[in-house]
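Notes to accompany the following structure.
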């Protein structure tokens, strides 16, 4: 069944149509790629799904439930995690604390509990700590856990964003250009990481410019151009689609 | 009574509008509440006073002199306290720096000349005439006329000159303008100069109208003008004009019909109500976040 | 406790006791503001307003209702917190810097209201407040506040507050209800402001609206900024420096303000995180350890 369904969604910014009646279905436990030239509306779509924008028209359904009018923090609590194209880490917090913040949605210790610091909240804090360390080990940042997030290298910052998003035990993970600015070796590690995430039965929706990454990890791909979906299919058919080649892939492919 | 208060309110409001323009232009471009703007206005009032008393110049010449002085002061403040922070610090840092400048400037004035209040000498003959039941003083006419001329001039400048276009482009999108070859630093510097000049004109006129200038006059006037800019829609130039006039009228009516001792509270009451009901103000666009 | 208090005042110069009491009050005030501005990143510039609400409420309760000191303090703090809530709800759901302006305006309104209120003694102020505050009770509360604050900032709630300061959108994407936490920080900060105000009133035994003007708010903001935004040791350091400096330098008030203003600008340009804002035990230990190895090697 569809985990995420985008139904006839349009988004306008002051007369500019950034998205034009887009339809999209993402199935449970697949890796779905979203490609298209700059300004095609990919990040806008992400912001719509995560509640930062409200669509001008159309619906967004997650597990059959309308989420287009929910505030961002409630949407993430449903199990939708994301990373950002222009990295948004908590710069002056430690790497470990960044991941712990990511677990905010799945923990519940409140003000009074933390003041007393015993019983439930203490046990929970221990669990948070263990889980955050696990996730950091998974993305290869365990040794840097006490550094400030801003002191990490670019590729490490991207991986930390992934770890933070995994903190909320997502059902659906949105990755916004995770390979941007990475070198070849880092990209290979990233492909491995995405495969690992899939192994945790998490569905992944991926925006990416790097064709190599997209073709390697995605099972299905949709192509956006000027806010419209111009193609959808498996990597092979996308690679051979006339319109896609014309508008986006160009001669380079 | 009503019409009389309306004229008084519009006179006060037009000076608020002149100050509010500086807030709104700077906010439109760099999203900074230029907290020191009220102090620039205060310096303008004193610069005008200085020129009138020391050199015995005509009030209009003094106003012009004050405007030029404040242009330089505004650019200097931007250069020293804001530009070093741009691009590498949070908005919170920039705002705190602006507050620092504001305190620095008002205390500087106290150290220069003491905290007491001064009055403008009677340089212009104030006559008053009746328009039906309303008493209008020549000073009110002058203030309304000068304010209207300055705002008209600003509109023409913004829409007809190259620098005006650059300013509008920067308030749409600073980064894109920079990529298009607009010298962003120059535009920002110029925006501060323009806003400061308008505030200086407002300062001289308020000094004349209330016949009082003192070093802490900038704080309250600045806050009220900011409230006016928010009322009109922050970032919108016509909004600042409208918001200024509305604030002035509301304040005068509040004093006349409610309670005079709560005068300074009225502006903040307005601010809080606007934020509750319509945060983007009368003419502002809804704010969209950049992600 | 009363015996100990007497003992203290008998053997220690009352001047030092006085400074220590004021320092304790300032620490509680500054930690409250630190929670709002330093930790959560919401600029509040009317902290003296909340202090005055606490001071007047507690004083009026003590004088007119004859409540005990503890109850008066609690009443003042709760009143300040309630006003913090009223101001915070409309303002904090908005983005941007509106809070700074609204809080200045609010503090001014509060001042004007007390100037016009009969029960608050109008411009003359309120005198005859029972003298209840002493070194021991102030510092007992100050230490408790420091302790609870430290716990809070290390907890899940504390991390959420820091995250809001660092990046609001990323915080939302992590499931944090940013509006709720901003209001939460604001209410707790106002509560502490009101609490300190109550102590202040019962120490001075006379209060006046001019004690809680804009410059008081700026002084408190400076304590947070100087020591380090968001850092508890930093805020305490800032409170100590700015409580002691005027006493030791005997500066004329005007020069002090000039200094405050210049200090804010210079701090923002050269050390926006304050003296201790981004200094952590972890980094110090690491550096010590590295130096230790080096000296061992060369020995």
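Residue numbering begins at 1 within each chain, and the chains themselves are lettered A, B and C in the order written.
Assume contacts are C-beta pairs under 8 Å (C-beta built on N, C-alpha and C of every residue); 3 or more make two chains touch, one makes a residue touch a chain.
What you see is a predicted model, and the numbers here were worked out from it, not measured in a lab.
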Checklist entry - Central chain, going by Cα centroids? => result C
Checklist outcome for this item: Note, CA centroid farthest from chain C's centroid sits on chain A
Checklist outcome for this item: Note: chain C sits from chain B at a C-alpha centroid distance in Å of 32
Checklist outcome for this item: The distance between the C-alpha centres of chain A and chain B, rounded to whole Å, is 45
Checklist entry - Measuring from the mean C-alpha position of chain A to the mean C-alpha position of chain C, what distance in angstrom results? => result 40
Item to check | Numbers and ranges of chain A residues touching at least 2 other chains | outcome: 52, 84
Item to check | Multi-chain contact residues (two or more partners), chain B | outcome: 289, 291
Item to check | Per-residue multi-chain contacts in chain C, two or more chains | outcome: 169
Next on the checklist: Show me the residue ranges of chain B that touch chain C in the complex, using the header's touch definition.
Outcome noted: 31, 33, 35, 80-81, 84-85, 89-97, 99-108, 110-111, 219-220, 223, 226-227, 230, 261-262, 264-265, 267-269, 271-272, 275-276, 279, 287, 289, 291
Checklist outcome for this item: Given the complex, residues on chain C that touch chain A span 148, 151-152, 155-160, 162-163, 166-167, 169-178, 184, 230, 273, 278, 282
Next on the checklist: Could you list, by residue number, the parts of chain A that touch chain C in their complex?
Outcome noted: 50-52, 71-73, 76-77, 81-82, 84, 88-94, 97, 100-102, 104-107, 109-111, 114-115, 117, 121, 124-125, 128, 146, 148, 164-165, 167-168
Next on the checklist: So in the complex, the part of chain C that touches chain B is made up of which residues?
Outcome noted: 37, 41, 43, 45, 87, 90-91, 94-98, 100-102, 104-106, 108-109, 112-113, 115-116, 169, 214, 218, 221, 225, 254-255, 257-258, 260-269, 272
